[in-house]
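Quick one: the structure is below, questions incoming.
Letters are used for the chains, namely A, B and C, taken in the order the chains are written, and counting of residues starts over at 1 for each.
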Amino acid sequence: MSDTMNKKQVYLFGTCLIDMFYPQAGLDAVALLELSGYEVIYPQAQTCCGQPPYNSGFKPPAVTIAKQTIQLFSAKDIPLIVPSASCAGMIKHHYPTLFDSETLETKQAEQLAHRTFELIDFIADKLPYNQQPLRPPTKVTLHESCSALREMNVAKTWRHVLNKLDNVEVTYPENKQECCGFGGTFSVKSDAISAVMTQDKCHNLLKAKGNKILSGDSGCLMNIGEHLKFEGKKDPCLHLASFLVDHFGLSHAH
Amino acid sequence: MPTNFAIRIKQALADPELRANFRGAMDFLRNKRQVAFSNEDEWQALKKQGAAIRQDAIQRLPELLTQLEHQCLNNGIQVHWAQDDQEANTIILEIAQQHQAKLVIKGKSMATEEIELNNFLDKHNIECIESDMGEYIVQLDNEKPSHIIMPAIHKNTPQIADLFERKLGISTPKGDVDALIGVGRTILRKKFEQADIGISGVNFAIADTGTLCLVENEGNGRLSTTAPPVHIALMGIEKVIPNIKALPTLQKLLTRSATGQHITSYLNLISSPRKSDELDGPKEVHLVLLDNGRAKISQDQQLQSTLSCIRCGACMNHCPVYTRIGGHAYGSTYPGPIGQILTPQLKGIEQEGELLDACSLNGACGEACPVEIDLPELIRTLRHRRQAASQKQWSLEKMVWFIWLQIHQYPRLYRLTTKLAALFRTLKLNKPANWTKTRTTPKPAKLSLHQQMKIRSKIRDENENE
Amino acid sequence: MNEARNAILARLNKQINTGNSKRDQLISTQTKALNTKQTFDQLTEKLKENRAEVYRVSSKNWIDTLTQIALEKKLNTWLIGGNLRTIEQAGKALTEASPEISLVHYSQSYESLKKTLFHEIDASVTLAKAAIADTGTLILIPDKNEPRMMSLVPPVHVVILKEQDVVGSFQQLVDHPPWSIQNMPSNIVFISSPSKTADIQQTLAYGAHGPKNLIVLILS
């Protein structure tokens, strides 16, 4: 008999980017959730939230995937935690609009939306701020993604969490409200415009002189990191979850 | 084969002076607006109200327009209806010809840009001079406006000084804005005196009193609608509001969003031509109501909110794409986010749908909109419509998403694909060229999150069973 | 053309609405009512912020103030309206102040007076019907006595405003407008500053097309 039966449960929606390219961020999300007292359920059948085709104008494939995702995470009425403001936004704000109103799918989508949270927002008030291990002082630059600033409105929470950390100085880039240029398929379809936006964002982020560039959105981090590497620089990007795991001295879940 | 849009984008991005001009201008306008809306509670309350007023008006267009027409006619304003740009141009031409007009002076009107009035009148040997300083500058350079509020925003002071020297033979000290404005004032004053007809737009038309509301800073709007013996006002049918009580909210939202001003130098309410005992004012006032695709938009529940737009320009001021490519790159009367939404609806989604690609869906536009138009959602919806309407049975993109669906629909196939991608992670496979022009490609992790979570739960189960 | 009207209205009538109207939001936000002194102070502050010159005057000294302004700024040809006793008195005082000062009465049609209006006037003086304190806005209602061009063509425009005609906000003004809704004036103009533009590289310049100087005399 495991003691997990007494723990509260949450679903984790890893997101396809984290799954394929940044699994450590996903494991760090698990570590933070467990630290906050939750048992994490990770259905293996999850794939993607459907945002890429949806934003590109291809609604039908997005609807198919959405239906599947909703079903998968409707088995239990527990919170769905998403370590990405943009994917969280898709599930929380767009899933309920995908189907005809008054249908079962819409009701299920609304029910799911209700219990969908961006990761940092969910654990913000649950972290042991009173028991922070002594860490050497560090300076970090926070990139507030568009989804965090607007759709999910969690950028404030990201700032609050970082401000509560001892010995962590947080800096922000100039024009921080401006998009980094990723925009999913925008980076490929409107590559010329995306390139200059990314250049500008990287320039401003570096000027803010943090040792690390933090964000809760892997898409942005990928866009920024890979551009900096192209310019021959080191990749200073780190998911907020990973930074917090490190800061609180947790062993990275494995 | 790059499209014209792609070519214009490239040109704009490669023009450092243009980039600097727009960067400076957009930062300036955004800061001004932020100061004007520094009270967050007030901003929230105002825009909710503004949204409600506009939505209500759009949903009552037939009733309000009929009332507006009735009141205007009572007041002595002649009312004309134009289904499209051709009809509008013809109506205006006929009025001009009736008065044997040779010179038309224009106040500022994006609707007249939309119907390309200047060209049309020019073809009929009627000279049409812009009197708004920004419009005058772009007209001098044979250009279209690049912003709906500040038409010459793509030019800096030295460029304008050069233009005046080239086209007018007048030289001014290169940094002296006052001198340049003085030149414009002198030249245009003569035109106000001489013009046979004054043409303006309408910011809001008040239905219950038959009143046209125009806002401006320069005074050219007032001069164009007072000095010439005939005033023609061209108005999109969506600009009507029920009564004057709606005006304070909309005026605040418009001027603060556009330039950060709490009110413009002038706000003009015109309800009739010169009355019998009055000494000045136009003897005839004509209101031309322009449909040109708007009625069709009003029928579409999902896209109807397009018509709520009060033409403040905040969306383009906040758009990171517009800030970098400028207004002319869009190649349409209305640039920026509202242009990307309006133009495909007014001119056809197949011809103009490409405009929709120039958007990262970052949401800054929707956040700034003073009447709560969900601009990103409209762009997304139009992208869906574009794909649904697309005649091409096969396109590379369609295939990409078809494959994408197969992979993501079948969890086992998905996990297999990610495993293979990880296995071949060190191979330099064909990556999207557009990405690799400025970025390295991320390498798939050795073990995906799926795999690691599986291993983890296996270990957990084993531990529990001990 | 009736055809166009019918076609447009027919298209508009095809609208299907979800009835998801936000009409409950259509209530005006009540602005806090200010007392007279606050209102006056705010009006003065806003006007000055927007580059208008403001003078607080009394019924006893406003004409002197006006004359002084004319002399200091060397404003010699004054455009005044007709049939207003107070304006007539002011006009008389102006001409008496200096032999260089002359008056032009706007008592003929614009067409006959055009050349004079555009080329010979240095300043005009008109009355304001009301003012809005929170934006520093003067409300003028041009009519047969004080036609529209008076506040538009001259390079300097002087406005006389009575303190008791100032209201707090635009919303308050439209709730109790100083004009007849049933019989709307042909033109009502709100003036909040001299003419200006920022069309050249966002640099503010005054005197674009309308008056370059706005001078306000507030009569307490």
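One rule holds for everything that comes next: a contact is a pair of C-beta atoms (placed from the backbone, for glycine too) under 8 Å apart; a residue touches a chain by one contact, two chains touch by 3 or more.
Note that the structure is a prediction, hence the values are computed from the model and not measured.
> Report back the single chain whose CA centre is most distant from the CA centre of chain C.
A
> Just by CA atoms, which chain is the most central one?
Most central by this criterion: B.
> Centroid from C-alpha atoms only, then distance chain A to chain B, rounded to Å. What do you get?
33
> Just the number, please: Cα centre separation of chain A and chain C in whole Å.
That pair's centroid distance is 55 Å.
> In the complex of these two chains, what residues of chain A are touching chain B?
2, 14, 16, 18-24, 26-27, 30, 42, 44-48, 50, 52-59, 61, 64-65, 68, 146, 149-151, 175, 177-179, 181-184, 186-199, 222-223, 225-227, 229-230, 253-254
> Which bits of chain B are touching chain C when the two form their complex?
It is residues 21, 24-25, 28-29, 42, 45-46, 48-49, 51-53, 55-56, 59, 61-62, 65-66, 75, 80-83, 87, 91, 131-134, 137, 150-153, 155-157, 160, 177-178, 180-182, 184-185, 188-189, 192-193, 208-211, 217-220, 222-223, 226-227, 237, 244-249, 251-252, 259, 262-275, 277-281, 289, 291, 295-296, 298-299, 301, 304 of chain B that touch chain C.
> Provide the residue numbers of chain B that touch chain A in the complex, in ascending order.
6, 9-10, 13, 27, 320-321, 324-325, 356-364, 366-367, 380, 383-384, 386-388, 397-398, 401-402, 404-405, 407-409, 411, 414-415, 418, 421-422, 432, 434-435, 437-445, 447-454, 456-457, 464
> List the residues on chain C that touch chain B in their complex, please.
Within the complex, chain C touches chain B at residues 1, 4-5, 7-9, 11-18, 21-29, 46, 50, 106-110, 113-114, 118, 134-135, 137, 142-144, 147-149, 152-153, 169-171, 173-175, 177, 181, 184-203, 205-211.
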